[in-house]
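Consider the two complexes below, in which chain A is the common component and chain B and chain C are the respective partners.
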Partner chain A sequence: MSAFTAKTIIDFRKDIAPIGSGLSGHANALSSAFKNISAIGGVVIKELLRRKDFYVLFVLTALITVAMGSVNFFNEAKIVRYVKELCLLLIWISSLVISVTTAARQIPFERENRTLFPLLAKPVTRAQVVLGKFWGCWLATGLTLAVFYIFFLILGATRDGQWPIGPTFQALTLHWAMLGVVIAMTVLGSLIFAAPSSNNTITFVAVVGILLLGRHLNKVALQLDEPLQTLVYALYYIIPHLELYDVRDLLVHSWGAIPWLIWLAALAYAIVYAGLFLLGACAMFKRKSVN
Partner chain B sequence: MTLEPILKIENLQVEYRSREVGQQTRHAVRGLNLSVFPGEVFGFLGPNGAGKTTTMNVLLGFVPPTSGNAFLFGVNVREPIARQRIGYLPEMTYYYKFLTAEEILHFYAKIFGLSRKVANERIDSILKLVELDHARTRPIKTYSKGMQQRVGLAQALINNPDLLILDEPTSGLDPIGRMKVREIIQRLKNDGKTVFFSSHELGEVETVCDRVGILGAGQLKAEGKVAELVQSYQCSTLEQVFLKILDFKLAA
Partner chain C sequence: MSRGRPLFSAAFLLTLALGLVTWLEPWYQSWSGSRTGSANLLSVALGDSRRLFAKHFYVKADAYFHSGYYPSIFDQRPDEDKLHMAADAGSGNQHEDLAERGKPHDWIDRFSRHFYPSVHSHLGQAKCNDPHHAHGHVCGPDCHHGADEHEDHAVAAAREQRELLPWLKVSAALDPDRVETYITAAYWLRSHLGKTAEAEQFIREGLQHLPGEPELLFELGRIYRENHKDVGRARRIWQVALEQFRKKRTTESPEDMLLYAQILLQLVKMEEEAKDYPKAAEYLKDLLTISPNKASIQKWINELSAKAAATRATAP
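So, the complex of A and B:
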């Protein structure tokens, strides 16, 4: 590298990025990467907040939750358990729709509307774009979930007089972690499938399939002949077991919180899978020509 | 002391594989060598499909070169830091339409690591420069084409770049819009900025450019100062030089 080049790079940091100038080179690069990711995530959230379909889904879910929570079906107090179950199912479906549809359109829309060009012409890496999109979608979903669960907690408390804060917190965080895996999977899908609609459908089918059949795949494998048995077993160990995060029963049946160590392990499991999907997405996006 | 080029392209080759079976590889750029020096306004000319946008796409890291190298400030364009001191204006207005001009400039300022205070000051001055101060809080989707193009210029200037890469900056603008963009380029030139821009408006290129490069079929056909090219090709305008170099025969 010529003296001119080295000086230029030093000047870059002095002039353009004075923040964190006391940090080492790696720390500076890391801090700038986090800022880029958070800036890109911020645009995702702003876009979501300015879209009407998001509000419609959000308000509808909230209204149905409130209506179901406040009606005393068949004049039977014990029916509250079923009402809670239905409310939680509604929250699960709604949050899944919001997270998949939001994540699936991010990168394809950037390419289609060509907003990716001025963005990539800045000192931003493609990995930062992928992570920023993931971060924005995940944060927006988390905020939505938090509102839903607070609603649910208040409604539940008005019906049966209990405040299960610990189990509600666990259900919320595990649900959010599961959606993190789903969003990462969808972002990867958006780089594989050209149209957001096909990505939406495939991701929905995959997620619902895992939620319904994931835990039974090993039993199915036992009934099969080779080589199908090995294949289904391999699938059982490869897929992210999203059904582990479905702890709605804790809230429906007013059970206590699960051990915190198990809760932590489940979060770590989600981080590993989300990380793997994002790694795949970054590698795919890095290889793609944008023109 | 020899001046180091701000933009340097060395034996650049870009090939696209055709998706159709039996089709040959398409050569978009063939062995391009080019240098642009600090303070210059360089016009990058050529007919449609000559390889101008592909070259710009390589410079901006959108497309990897098949072979050869490109450098900005001596840094290989494959490194994102090479884009720290450049401003880029795409041919069409590609901005988040749901954001306001102020929000979009804050977003890009954050990416360049500008502090809130510096960003606010710079956004104020740039919006005044591009005459969008009155519309700063309106969503971009409500802007006219000319206003959107000026948002593009504003975002290209947010980091106070030393090099501006402008892809047909006046394309699709009305005469007043073109004049305003030309004025801004002239003002940037007076401030000592380096400008690398492609255009089909040869009259405009003649007015503002120090040097031009003419590309044809992916190859650099001619390069030099406008007056020198006009003289050496024994023509009276740049347009005539352009047509002569590309061997364009006018209908009798």
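So, the complex of A and C:
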């Protein structure tokens, strides 16, 4: 690890939990930091509960799924996979919309409404603001995902009488981990791009691009000539492989649970990428003028 | 003056619009590209692009047949007219199974194969729940299970096969002129799910869109012969199928030649069972003209002629 990176990480740690923030000792500083982060996160969750986005998307998902589920195909009442596939597609679209739009507006709106100044005037560091916003958005999307997946599980059980708890839990947690990376990416984007709208668009394009093409970039690279081949292959290794977390086909076609160690490794992969994006966001926000 | 100008402009534009509408409306109603004549909501909304979606959903059914294991557009994909799920359905094309995925290119590729169906499997093929089996294992002859467990697999298989149906139905709704969709759906309905009435109904729907289509008539005949055991009706339907084939098709393409041979063979068997040997021999003579196995067909004709002679000799 280079000296510069080590210094950045040490600065970042000090920025999250500064020892001189009115409390004594590292433990107290950390505890204070977590309190600040969870307080900021709590505001984001309340904001999501107040806004109508989630309710509208959930009702739409439920309505479309139930309407499609009630279609009669050759008098076979127990056909379930197409309903599950549609429901999961809607859940993915809804969760991406909620997470990206919620994360993209957090810091720009605080700046626009000038509520960022009183927030920073309290013993709250900039890194805590970034982490608090990320934490709040991530928890809020976790709550919405839990509601969506419970609906999915009940829907499946009413059709075929099966309760695939393990695979559904894995799908939910992987989906949530993937959204963690997306939210971290969006928070970083909100500090780079001028407006939430441009951040939303660019993040959506990047995420959808990775979901659709990420798995195949290596095959594309192998068909190219040098130096393009090396460049595309490097891109393949660099991008966060969000498509890994899309286990809808396994769930729809009842392939059973993924080995738990593989599942854990996937979560660790997401934590690394979310951490990198957050590190970048904290570093950017530290240098950015707030007015 | 300045107040009157906007009013004048508005009145002029309104008059122009009304004048244009009296000319455009009759033209639009008689225009061949107008969708107002169709009662089908999908055709009004999507126009001819619905055929593209129909293909997509037909391929989707094949992906379901492989339990989600399906090549992407970056891999080698089978021809859309030769999908594996239609292999036993009796339509004329040479159908292909999917290629196995090769070795992973890199560690991300290897790791990612845990997160999507990466093992070749067919709908109804048992996927073991045995924890000792690796993820994605498909039961083969080397698997050692109790008999009851395999019985459970058989029940599960029948349950899984119905999952193809919605995509085939949607595909047919989007493109009612695609024969293979009706044939494939009818095959799965009658052969695996025991839904003969639904299969017949679906084939009849197809015949409404494609009147006299020999492939559909052949499939309808099979339903009457194999499921309803109504030999007389099956014979009449196959005779119509043969007549329609001779009117509409030639035996130039291998698919059409196979269909022609199938119709003739079914009629031969039926006539032979009914002891109408001269009629059976007549159909065989037609088959002889296209069959690459002329010697065995000729032998069969000779046998039938001998039987016919014996029948005539024993007749009072």
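One rule holds for everything that comes next: the second predicted complex is superposed on the first by the 252 of 291 C-alpha atoms of A that agree within 3 Å, B and C clash if a C-alpha of one lies under 4 Å from a C-alpha of the other, contacts with A are read in each partner's own complex, and residues count from 1 in each chain.
Methods note: contacts are C-beta pairs under 8 Å (C-beta built on N, C-alpha and C of every residue); 3 or more make two chains touch, one makes a residue touch a chain.
Since the model is a prediction, treat every value here as computed from it, not as a measurement.
In the superposition on chain A, A:Leu120 makes contact with chain B only, not with chain C. Residue contacts after overlaying the shared chain place A:Lys35 against chain B, while chain C stays out of touching range. In the superposition on chain A, contact of A:Ala265 is made with chain C only, not with chain B. In the superposition on chain A, no contact is made by A:Thr201 with either chain B or chain C.
Of the two partner chains placed around the shared chain by superposition, chain C is the only one that A:Leu250 touches, whereas chain B remains out of contact. In the overlay built on the shared chain, the residue A:Tyr237 is in contact with chain C alone; chain B does not reach it.
Of the two partner chains placed by the overlay, neither chain B nor chain C lies in contact with A:Gln229.
The residues of chain C lying in touch with chain A in their complex are 64, 67-68, 72, 74-75, 105-106, 108-109, 111-112, 114-117, 127, 129, 134-136, 159, 162-163, 165-167, 169, 185, 189, 193, 195, 198, 202. Residue ranges on chain A touching chain C, taken from their complex, read 71, 73-76, 78-82, 160, 174, 215-216, 218-220, 222, 236-237, 241, 243-247, 249-250, 252-259, 262, 265-266. Of all the residues in chain B, the ones that touch chain A in their complex are 4, 53-54, 57, 60-64, 73-75, 80-81, 83-86, 88, 90, 92, 94-99, 103, 107-108, 110-115, 152, 155-156, 159-160, 165.
Contacts from chain A toward chain B in the complex involve residues 1-2, 4-5, 8-9, 12, 15-19, 32, 35-36, 38-39, 42-43, 46-47, 50, 113-125, 289-291.
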